[in-house]
Each structure stands twice: as C-alpha cells, then as structure tokens.
Amino acid sequence: MKKLLFGLPKGSLQEATFTIMKKAGFFITVNSRSYMPDIDDQEIEPRLIRAQEISRYVEQGSLDAGITGYDWIVENGSDVEEVADLVYAKQGFRPIRWVVAVPNDSPIRTVRDLNGKRIASEAVGITRRFLKSHGVEAEVEFSWGATEIKAPELVDAIVELTETGSSLRANNLRILDTVLESTTRLIANKSAWNDKWKQEKIKQIAILLNGALSAESRVLLKMNVLQEKVKIITDILPALHAPTISHLNAEGWVAVESVVEERIVRKIIPRLKAAGAEGIIEIPLNKVIV
Amino acid sequence: MKKLLFGLPKGSLQEATFTIMKKAGFFITVNSRSYMPDIDDQEIEPRLIRAQEISRYVEQGSLDAGITGYDWIVENGSDVEEVADLVYAKQGFRPIRWVVAVPNDSPIRTVRDLNGKRIASEAVGITRRFLKSHGVEAEVEFSWGATEIKAPELVDAIVELTETGSSLRANNLRILDTVLESTTRLIANKSAWNDKWKQEKIKQIAILLNGALSAESRVLLKMNVLQEKVKIITDILPALHAPTISHLNAEGWVAVESVVEERIVRKIIPRLKAAGAEGIIEIPLNKVIV
Amino acid sequence: MKKLLFGLPKGSLQEATFTIMKKAGFFITVNSRSYMPDIDDQEIEPRLIRAQEISRYVEQGSLDAGITGYDWIVENGSDVEEVADLVYAKQGFRPIRWVVAVPNDSPIRTVRDLNGKRIASEAVGITRRFLKSHGVEAEVEFSWGATEIKAPELVDAIVELTETGSSLRANNLRILDTVLESTTRLIANKSAWNDKWKQEKIKQIAILLNGALSAESRVLLKMNVLQEKVKIITDILPALHAPTISHLNAEGWVAVESVVEERIVRKIIPRLKAAGAEGIIEIPLNKVIV
Amino acid sequence: MKKLLFGLPKGSLQEATFTIMKKAGFFITVNSRSYMPDIDDQEIEPRLIRAQEISRYVEQGSLDAGITGYDWIVENGSDVEEVADLVYAKQGFRPIRWVVAVPNDSPIRTVRDLNGKRIASEAVGITRRFLKSHGVEAEVEFSWGATEIKAPELVDAIVELTETGSSLRANNLRILDTVLESTTRLIANKSAWNDKWKQEKIKQIAILLNGALSAESRVLLKMNVLQEKVKIITDILPALHAPTISHLNAEGWVAVESVVEERIVRKIIPRLKAAGAEGIIEIPLNKVIV
Amino acid sequence: MKKLLFGLPKGSLQEATFTIMKKAGFFITVNSRSYMPDIDDQEIEPRLIRAQEISRYVEQGSLDAGITGYDWIVENGSDVEEVADLVYAKQGFRPIRWVVAVPNDSPIRTVRDLNGKRIASEAVGITRRFLKSHGVEAEVEFSWGATEIKAPELVDAIVELTETGSSLRANNLRILDTVLESTTRLIANKSAWNDKWKQEKIKQIAILLNGALSAESRVLLKMNVLQEKVKIITDILPALHAPTISHLNAEGWVAVESVVEERIVRKIIPRLKAAGAEGIIEIPLNKVIV
Amino acid sequence: MKKLLFGLPKGSLQEATFTIMKKAGFFITVNSRSYMPDIDDQEIEPRLIRAQEISRYVEQGSLDAGITGYDWIVENGSDVEEVADLVYAKQGFRPIRWVVAVPNDSPIRTVRDLNGKRIASEAVGITRRFLKSHGVEAEVEFSWGATEIKAPELVDAIVELTETGSSLRANNLRILDTVLESTTRLIANKSAWNDKWKQEKIKQIAILLNGALSAESRVLLKMNVLQEKVKIITDILPALHAPTISHLNAEGWVAVESVVEERIVRKIIPRLKAAGAEGIIEIPLNKVIV
C-alpha cells in the first residue's frame, strides 16, 4: 500500500495542529513512541518533528510533505512546494511576526542604527537576510532561548517571535521593525509532488484542512422570514456567500440560511431582528468547503 | 472612538461569565495585567473586579455597565439601572440563595428566635435588612470567609450563600429561612443609560447574552415525516416555538424542524419515533434569539 | 414516585460512561457522597460501583439495571437481561480484548503448551473457562494488578485486557490467543425487566444511549446542487441513509442533506466538490435515532 | 556475584517504604521498567510487587525476601520467616487495623449478630478466619474496592482497613470489632534464610531499617551544665539511654548529650531550662542503632 | 482533662505556622473537618480561623490563645495579652509592612496630599488611624481584594500589605509611606492568662516556638583546633554564644563547637580555615533554646 | 559597593544548582523578572542564563563568573578560568556523558564507519572535534531537540547527552563511543580573575560550594566505645578523615566521632556493632570543609 510520509510540528504548534487535523477528519494520537504518532488513515505515515526542522527533511526527501511555519522554511532556505497557506498559529488564527526589538531606553531608533551592534536571535538566517536587505552590518549570535531577557546587558537588540507583544512589553522592549510575517504552511517535497498518487493525497489533506479552518471562524445562521422581507434580510447578510432560501409550509414564509463569519454575528443579529427575522438560531460548523 | 467601560466579575462567577460571553460572541482573554482583560470588540473596555464591588463602581460612574449578582447590588444598596436578568451562576443555570442557618442541634427554630443572638455573614447589609423586616434585633458580625464553621462555637447562626446545600450539610447546619434569592444581572450606570450610543451598546450585549443563554438549554430537533402524520408529530412537540415545516423531494414527505428544551428531548424522542418520525437528528445550537 | 436503581461503572469506564450519558440527555454529577451521584432525572437513582461488581448486584436485585462490560458479566457468570450492546470503551468506540500472552522469548507457542503452567489474571473465571474449552489444565492465580510484569519471573503466562496492545509490547509480551472480546452492555435484573414501568424506563435509556452513540461517529453534510446533478451527487453519498432533498428559491437548485459517517467525509468531499456540489458544510450532531 | 531477590510493596506502602529504605542507606529509583527499580547496592535485585502478593512469591521462592504487611501474610496463609517487625504504615509510625463495621443505624450490635449476614471485604481469608473463631457463619464476598460504600444497600457489614477511622465515619459506619492489627514486616523465604550469605544480607537490611526507624522519632539533645547540677539534669532525661557526659574547657562545666524521643522534648525542655541547663540545642538524627 | 482552645491562622500564614509548630514539636494535620485540625497534644484543642478574625475571638473568650498578625490585632482593636513576638511571615523570617501607595504618575507626593481623596484597603481601621495621626481626612473604602489594581481608575490611593514590593511594582504603584509594620504574635485571652494551668501551657508553647524559630536561622559549627590557636579561632566566632571547647584524645588538640547564624557562615568559614581550623563541619539544628 | 556578575544555568541544571547554592549558604529566589533572580548576598548580582550560553558571556565579560557544564565550555571554545570542578548534574552527583549512538541494527560498528554519514547533535562543535580527532569526515547537522528519534530515518547517527542511558535504550539506540565526559564547573572571566576583590569572592563561593558538595554524600557517625576497643573501632572507620576522640565522664569510655561517606555506613554499622560500639548515631551534615 502507498504511504505518505507526513511531518507534523512538535512543540508550540503541535496542539493547534492536532486540533485542526481532527476537525479536518484525521485523528492523531501520540503514543509512547512519540516520534511516530498513530493516525486513523492508513495512507498517511505521520512523523512528529520540531517545526524548525520539518522543511529541511521535506526538502531532502526524508518526508513527502509536512506542516510547518513559513518562517522556518525561510530560515532553512528550503526549496519545497508550498501547497497551502493555513492561517493559524499557537494562540489563534492570525499571522505571527518576527520583530527586531531594543530596550525602551536604547538610543537605537531605526534599523540603520543597528550597524555594528550585537543581535541575538533563534533565527540567525532570517535576521541576517533582513539586515542585508537594509544594508546593515551587525554581529548576529544564535540564542538558545529566553532571548527577550538578553538586551541590553548581553546584546544590543534581539529578533524574536511575537504573537501578542506582551512578552516584549514585560521585558521593557520596544519594537523597531517587523522582520518577517509568517503563517503555517502545508509543504511538499518536489519529487513527491510529481508523483500522481502523492499529489492527490496531499491535495485531499489541503482541501480538508482549509474546510476545517474556514469553519473555525464561521457559523450557520438560520431564520424564518416573510417572503416580502427576504430582500431586506438578505441585504443585511454579507454578500460573500449567497444565502439558501427554501419555502416553508406556512403560507408566505421562507427559511433563510447563511454561513457567516462569527465575528459579525453580534453586529447583524440586532439588525436582522429589527428587520423582521423570526426564530433566529446559530448553529456551529465543522467544515465549510469554499 | 467611543468606549464602554464594562465590569466583569472576578472570582467565583468569572469562569461562567467568560463562557457565556464567548457564546454571545465576545472573546475575552486574561493577560498578565489581569485587571484589564483583552476583548475582541474595540467598543468595549473590560475591567475585572470582584463581584462584591461592581455595583458600587457602576453607581459612582467608574464603570458604565457590568455583570454582577443581584445579592451584591442589594448589599451595597446601589442605585443602578437593571438591564437584564441573566439566570446563571457558578454551578449552573439557576438562582442562588442566601440562607440563615443554625447548627442541627440548636434550640433556635424560627427567625424570631434569633433575637439577641450573634450572627456571622459576609453580607452584613443583607442580613441586617432581613432581620429588621422580621422585627428581630441581633448582633451581626462581618465574616472573612469559612463562615459555615463558626456556629456554634463562635456565633449562634450564619447567613451564607448556598447553591446545592452540600456545604451546609457537611458542617451540620440546618437552614432556618431564605434571606435572599439572587441571579446574575447586567446593570448600567444611570447617566450612561441616558447616553444613546452607550444604551444601544449595552442593549446589543443584552440581546446576545440572552441569545446565548437560551441556546444553552436548547437543541434543534429535525426529522422526516409523512405529510399525513405532521399533525400528530407537531402535537408532541412543545407549543412554545412553532416548528418549521418544509417540503421534500420525495412525494408526500416533509421535514419538520423545531427548537426544543434539551431536558424534554429524552421524553419526546421515544414518542416521536412511535408516531412515525424518521431520521430524527439532534443538532447543537450556539444562539437562540427569542 | 417510581425509581430505577441504576448502576454506573466506577473507574476506567466511568468518564466515558458519564460523557455518553450526558450526550444521551442525562447529566450526572459526582458529589461528596460519590457512591450516590446526582442525576437530573428524578426517575433514576444512580449508584457508582466498580464495573467488576455491577452484574453481581444486578443479578441479586440490589440494582434494577446498570452499565458494565460483557467481560465481567461472563467472569461473574451473572444471569441478567442484556438490553443493549453499547460499543464504547475507555479509549474509544471499539471492542476490547482479553488475551493470553507470554514473554517474547518463551518456548510456549500455542494454547496447548500452557498445560501444567502457572497463569496470572484479574479474570480468573474467564481464564479457567477458556482453558477448559481448549482442554488445557493449568494453575490460574488471581492477580491484584500490574499483571503484565509478572511473566516470566513469577508466572509463565498472563491473561490481560488490551485496548491497543502497547502495554504488552512495552513489557516484551507476545499475544498467544484472544480469550474474550468484550463491549459495554446495558443490563437489567430479570424481575425488574418484567415490571412494565421499569422495562419502559430502561428502554428509554437504551434508545437515547444508542442515539448518542450513533451521533458520536456521524455528521450532517449539507450542500447545494443543480437539479440535474442530484443523481450523481446522491450516488456518491452512502446508500445507508437516504439523503433529504428540498427545493430552493433559486431556480433549478436543490439542497441535499445527509447524515454520514465522519470517517468517510474525508474521502467523499473531494468527489462531491468535483461533481459540482456547492457550499458544502459539515454540521456536528448530538443524537441520531436510527 | 551473589544477589538477593527483594520484594518491595507497590502501592499504598510504596512511598513510606522507599523513604525508610533511603534513611537506612538504600537509594531506590523507579525507572521506566517500574517492576525492576534501580538500587544503589549491587547485592540486591529489587522487585516492585503489590503488597497483597509479596508473601505468596516469597513463600514459593520467586523472591528471597521482601517487605509487606502482616495482614497479607495472614490473608495468604504464607509460610515464611518473619525477620523483623517494622512499625510504619502509609500514614505514620503505628499499627493499622482491619475492622468489621456496620451502618450507624444497623440492628447488628455484636459479632454474633453477623450470623447469616452478607459481608464484603478485600481480605476474604482474614474475614473468614475471624468469623470462624467467633463461631459465626456468614456469606463473605470479595470486594474490588470502595468497600465502605456497600453497606447497607449491597451488604450488611464490611471488613476494611482503617488508619484513622475518618473514611468509616464519613460513610456513616460504626466499628463493631477489630479483626486484625497489622504492622509492616521484613520476611524471608525459608530456604533463603538457611543460606549463610543471604541470611547475613537480610540481617544487614534489618539492622539498618531498625536504625532508621528508631531515628525517625528521636532527636539528640545537647546542653551545657555545671558539674554540680549534672544529677538533677540527668534525672529529668529519660532513663532509657544513658546520657553522654564530657568535660569542657571551662572550669566546672560539662556537656550533656542524650538521644530522646521527640515527643517528650516539649515536656522536658522547660524543666531542663528551669534546672539550669544552658545552650540547649536539638539536633536531627538519621539513624539510631540500639 | 484541661484543654487549651488555640486559634491557628487559616490562609496565607497557615503553612508557615504549621511548619514552625512542627519544628516546635507539635504535629498538626488538617482532616476533613478543617476547622478542627488534629494535633498530637491532648492538652491543646486547635481551631483553624482566618488570621483577620483570631484576635476578635481571643478577646471575647471563644479562644484561650492563638497565633495571628500584629496588624489584625490593631485592625480589630482587640484587648489581648501579647505573649510572644514570633518573627516569621508567609514568605520568610522578617516583618511585613502595610504601606500607602499611589500610581507612579500620581500628583500625590506626601501623606498630606491624601486629603479629600478616596483610599481602598482591606484594613480600613488601620488606615483610618494612620490618616488621623497625620491630620488627614479622606474617604476610606473596604476592598474585597486585588486592591493593587484599583488605583487610579477606581480610587486615588491604596493601603496594602507588601512583603517584597514586587506586586506593587508590577502594578505601577509607588510607596508613599509605611502605615504599619507587623510580625506574627502569640496572644492570649486576659482571663485565660490569669488561669495558672493555661498560662503555663501557653508559656510552654512560647518557649518551644522561640526555640524552633531560633534554630531556623542557626547552625552548629564544629571544628578541631590546636590548643594554641583556640584564642584566634574563638575571636572569629561571634561573641553572642560562647563556644563549647572540649579536649580531644590527640595531644594538644581541642574540639570547638559553636551555634552561629547561618548567614555569617559563608563569611567566617574562609577565615576559620585560614586561621588553622581543621575538619570544619556544619550541622543542622531543630531547636536552639536561648 | 562592589558586585560580582554571576551566571546561573537556566533549565535542566537550574534546580540542582539552586539546591547546592542554598546548602552553600546562598539563598536564591526567582521572581517575576526571572533573568535577575534575588540572592541574599549583596555582593553578588545573579543572572539566569541557559547553560549553553554562560561560558560565551563569561568569556566576553558580560558576566564575571558563572556555573555551567564543561561540555558547553568546549562546545563554545570559550577561553575562561576554570576555578572549580563541581561534580553534580541534573540527576545526581556524577559526570554526564555525550555519546555517539546508532540504531541497534545499524551496520555501523566503529567510529571509523561514520565516514560519509549524516550525524545530528545539539553539540555540533563537540561532535566535529571528536570526528576530526578520529580522522572521520561526516556531515554534522544541528538538532533542535528530540535527537534520539532521528536515527535511522533522518540521520545515520546521533551525538547526545546521557545520564542513565535509558532514553537511548527506549529509542533502540546502541552507544558506539563516548565523545566527551562532562561535569559542572565554576568559571571566571580572565580579567575578573585578575581583580583581587573578585578573585577572593569567587574563591569564597568555591570553598562553600565544595563544602556543601562534600556534605551531600557524607554523614557524622558518633558512638561510645571502651578505651581498650578504640583501636579496633578506628580500624573499621575509613582512614581518610581521622576520627575525633574525646573522654567521657564514665570511667574508661570515650566518644568516637567520624565523618564518613554515607554509602559505606550500611557496610560498617554491623561491623562497628559487632566490635563493641554502643549508642551509634548518624547525624546529617550541611557542610564539610576538607
């Protein structure tokens, strides 16, 4: 039987990845041999590897495909097929940023001022590329972690990942510039991508992951409406997805259903109610295939 | 931009409040500065404050609105606008009670017998009002907590909150009378309520909270029924919400949908099945706007 | 008021049982007197008892009905009414197995080779029945737990429960044969079963538990389809449950709804999409009454 | 190299046993193969086995020696050499008791009244022996645990272990009689005891365990005393261990040292001080070899 | 038998109190009835009560004696006998402070500037006394907790307990002045103190608690010294406690022993070594009776 | 005031380091700004930094001194003063080893066979030095962690730290050779070492750390002996530290005291007892200054 060697990110992205894979329909359990988790799909052979290393092993063919961050693809300079952009991260459904930061009271004001300074980062490659693109020469040293605490005693600036900025603030650091924005990616080895069976399998995973991600921020709104008010109601609903309208037994009434972004529900419900919608209910969704 | 200063109850009501706010569509995260949580609505500026104090700060205008217990509004004697009665508490969706209790073997039998006795309570004001209304004079002392353990060695009776009564039973206490029933309330400062923008914002929160609370105990039942049996089926379904009936492709069949209380599902499913309903499914709901 | 004395399994099956009971519509909370949990149905009087003992107490009438494993019904040789086979276990929705196992390097190759050996098991009765049916005579000793570590130093073979086999592998044991396959059962005392009210109540529980279990592995798929493509689409959907088709307001379009196994969704979604289905959404289900 | 196969009790006695072994000078660590812990003595080969089973495996020679409770030696009726009585248990340094208990409101008043009743216990053998010695005939059934909750609904009485009695009180049970008092024992297989090397090794363990146990409840008191007051001071110190008296540089002063029970220190310190002892200090002890 | 009703502080002081009581020789265990812990001294009847309330109940005679903070004696204005000053607190062996603090950027610079302002505190009485002594009039409101977060939005200043000041810094607060320094106290009811048996018992507790507290920060240093160097060595040792000197078998050598503060050991050990002390060892102490 | 900037290892060595520092007399607490812990010595300014980086920052002078592993000094090729060799590690008081390991069934048998292979390690520098010294050329890649799981799928061999070897065994790896043995070291910056005050302070820390480490594995044995048996007894005691002998009040008796290794106590106690030693006690030690 054909098998797809598939890399999953161990560490900070792991929990979010397992959750979204489960919503996509793939149930993964980590057993005692945690490097080789179990998955309920016999065509997939999963491997649990640090996000930092997945693109390296996909590039050299030890893995057929995998999920990792765009940042680490850049850091490793890996030549891989980017199949899908999956907008989720450890703490939510938005991109993360690598930023260059300096102490609040540092005299450094612009990226240019970093010239001749010492910078610590876990992402030495990304940092060097960024400095080069700004024509800055600086000493970049690899940091084994806890990078935020190093400035100003040990280094002049740091390049560090931030989701909310709170860890930087807590360490009295000021963001100078964004070095790289990154999202999670589904990537494939180039020759695996040329294999028909493997490409189809990877695409199946991509469709389902996207379906699950779309459902993550959407709900189904359903309401009963008098035929004559359908236009007013549907004007309130966002144009993106056309609502589904079906006739009801009760003369003159229709049911209106629409998939909408959860974050706009709180805005449109008062308006729908005011416009005559009755029996409005909101239903959770597992998948939305766009 | 306009902002609503909104008090959320820190402590025993906190988790239940965050959960219901999330279902209503407002996602709150407590960061390192826990007094000022983050919320995904730029029009709201949340503050995390002890439930005991919220009505006091709403009354004096440090907060525009807030969520707290009716008991603490009474205890503080706060003059505020009560916008909505939200029936949930720490342990479930029902009112809580403050009761006056005495040791099982106490000679005190009625509220009258409390005359001249010593009573400990965290709610000194409520206790005094209650005693006065019964024409009883007693010494009421403030209790810093663990009130149930004080009778009979330290005091003669206590006035304490009870959700299930199990803590009283465990301390060999007998309930003499109910002092106050309380539910959670959405309250507003009186002059904030007179501000058009603020009132609308507070009403939006009220509609969504009520929608989420209604959904908490309801589900959507859906089934296929032969046209001729529709009457029998809809007679089994509770009259409160009229079911939605739509035609199916299959000749003579209709789909019947109804929002029902979850707690009656177990009673009506056997009857619906017996009456000829087919393919009955139960779907969870996020919101029900009545 | 009539009451059904109902045994729930304390221990490894407890959490899974409480979860499935909740989905069925019965909310159980364990209070300080854990032997008598609370349930939100006044007609049921629950008792929390070790799974090993429930069938014994159902047989002798201390309980009217209960949930336990088929293995312990056999071990105890209990004469009870088996009302429903509920396919769930501690770790998932599949049967568990009792197996006889020996050390990897043991000379024992077949069940016959167990003749004259010493075998440890928590299920002495099941083990003796199995050996007898194979014409083998061996010494069977009761094991108080940690049975996997006993061979080869303390005994020659063990009979032990296995859900995934990983504990056996970790102890260098090799499975010789399956002794018994077991699933969870709803059982009733024979004379309680002859009481009309009790039988009806037990049947109600059975219908709802089965409804919840069916929903566990199923979802509702919903999509919009051009009238002319309905045949192609419904051919992709599994034949088991006929899909529900309803007319939409938009000329020539119908809505197709079908309850399907979750594990096939990942296979059919790419095909449905390819066949022209639009706006495919997947909705979670609480109950499916077959 | 010679090895002593030594059984250590897994479960409730485990932590207390590891602690006392460490004080005796043997450091045990439980690794991934928990059945075979590591010990820093190459002459000992430890095995971690349920206390209930150790005497059985010592008797049949799978173990040379081991630590277990006297109760389980009796329950199993094992014929072993009892080398030392080590007075410690899960919760402290005193014997534990198996008691027969009935519900507070049971009509059963004496052991005699148990005639014809049903009794549940984890220790079926001990229970039967006890009943027989009282000339009582009753049905004794094996309990898989949570025995305290079984009376009166499932059985009439229970025989259960109690260290403090609090679990019995919490379940409204009344103690009828003590069935067996038990302490922890160091036992040996009879033929291992006849092996010179093994007997010496087992005796070494016994001396060190006793030394550590003695130190557990004792401390070293040390004080300076005027020569003329030595008699008064030593009269206050308990006679059991003669105090050590040594001359000091300061003319007329001696140092008095004595190992005393920690629990009497609080009584004698005020008296020693009053009698003229100066610079009294209390020093902790690891071992006291009597 | 005579009994001393003894109050122990529940809450933040509890763990430190139980630890020091244990070192003093009294072993307390909290059972299911946590208000009445167990103690291994039949002459003491312990009660576990909030530190805030102990002095109130000692004053009114519900307790004979107890351990609480000096701050709460002042707050309650309790008229009790102060038997001993025990210098320990939640986080260590030093006094704690109540301070008045304002936001870093507040215009309030001195206590005088608090005139006409609003101040929140858990210790309303202490705060009012302090303000009065400075001739300041301000509104003092009771705070139910999390007081540090209230300034400047809800109040102008706070009076709060601080052990390390870190919570104040984290909330951007600046200390204006110290309101009260407090240590832990052993107190007695005045008429209990006049009872001979009770006074003696309370004094015994005081001696032992002081002995344990003294040992907390002290160790026994012991070394061998040539007779001729004794003077040099003893000059290095602190004069407080005269060292004990005893003759050794080896001609010309003596053993020098001294109880010293642990925090000076690191300073004197290099000096002792340089001065010719040999075989220096440091021994832990349980009690030092001064 | 003069200050010593002192690096403490964050991470796996942290707990062991804080414990040994405490025994040495320095009490460190990690506050909210974990990079700058508090210490109870005003002459030390501690910094909490990853063990991997400490030697780098000591070399460049950002730190005056620090505690780190010998392995990371080598990996970083840092030119620092090695002041003391402190034999402790995460799991105990013995050296740790970096080893090169291959899968159990790998054809690689000797270090030579690594020629042309791919090797993963967290310690790329140490690995390259080792291979060079054996004349082997191989591709060494940096591993971000979980190195043991990489062979054979991702690399041919790994170089990894091992304290007990159990993690290697669990991943079916076979040790080929030891790459480096390492212990914890106290290091100093070269110019800080030339500063008189700093050198003295660092030496003080070294003496105290060594004193605490020596005490870790030693105890004080004390016994009473008849004068005529002193020779026999002292012959049993190890020759390393001469025992201290002092006269007792009782005619003909002496007290013998000796600091001995804890691990030999279990061997000599039976012999001492047999030789006539009485009242043998074992006392724990905080420090032993050799």
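So that you can tell them apart, the chains are marked A, B, C, D, E and F in the order they are listed, and the count of residues begins at 1 in each.
We adopt the following convention: contacts are C-beta pairs under 8 Å (C-beta built on N, C-alpha and C of every residue); 3 or more make two chains touch, one makes a residue touch a chain.
Keep in mind that what you see is a predicted model, and the values were worked out from it rather than measured.
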Check: Both subunit E and subunit F are touched by which chains?
Finding: D
Check: Counting one step per pair of touching chains, how few steps separate subunit C from subunit F?
Finding: 2
Checklist line | If a chain touches subunit B and subunit F alike, it appears here | finding: A, E
Check: Looking at C-alpha means, what's the farthest chain from subunit A?
Finding: D
Next item on the list: Find the chain most remote from subunit C, comparing centres computed as mean CA coordinates.
Entry: E
Check: How big is the gap, in whole Å, between where the Cα atoms of subunit A centre and where those of subunit B centre?
Finding: 36
Next item on the list: Let me have the rounded angstrom distance from the C-alpha centre of subunit A over to the C-alpha centre of subunit D, please.
Entry: 58
Margin query: Taking the mean of the CA coordinates per chain, how far is subunit B from subunit D in Å?
Written below: 53
Margin query: I need the residues of subunit D touching at least two other chains; which ones are they?
Written below: 246-247, 283-284
Notebook entry, point to check: Drawing the touching chains as a network, do you get a line, a ring, a star, a complete graph or other?
Noted result: other
Checklist line | Inter-chain touch pairs (all) | finding: A-B, A-C, A-F, B-C, B-E, C-D, D-E, D-F, E-F
Item checked: subunit F-facing residues of subunit A, complex -> 10, 34-35, 47, 49-50, 52-53, 56-57, 62, 141, 143-146, 149, 153-154
Check: What residues of subunit E sit close enough to touch subunit F in their complex?
Finding: 164, 166, 170, 219, 224, 246-250, 255, 262-263, 265-266, 269-270, 273, 279-284
Next item on the list: Within their complex, state which residues of subunit B touch subunit A.
Entry: 24-26, 31-32, 40-41, 203-204, 207-208, 211, 215, 220, 230, 241-242, 244-247, 254, 259, 283-289
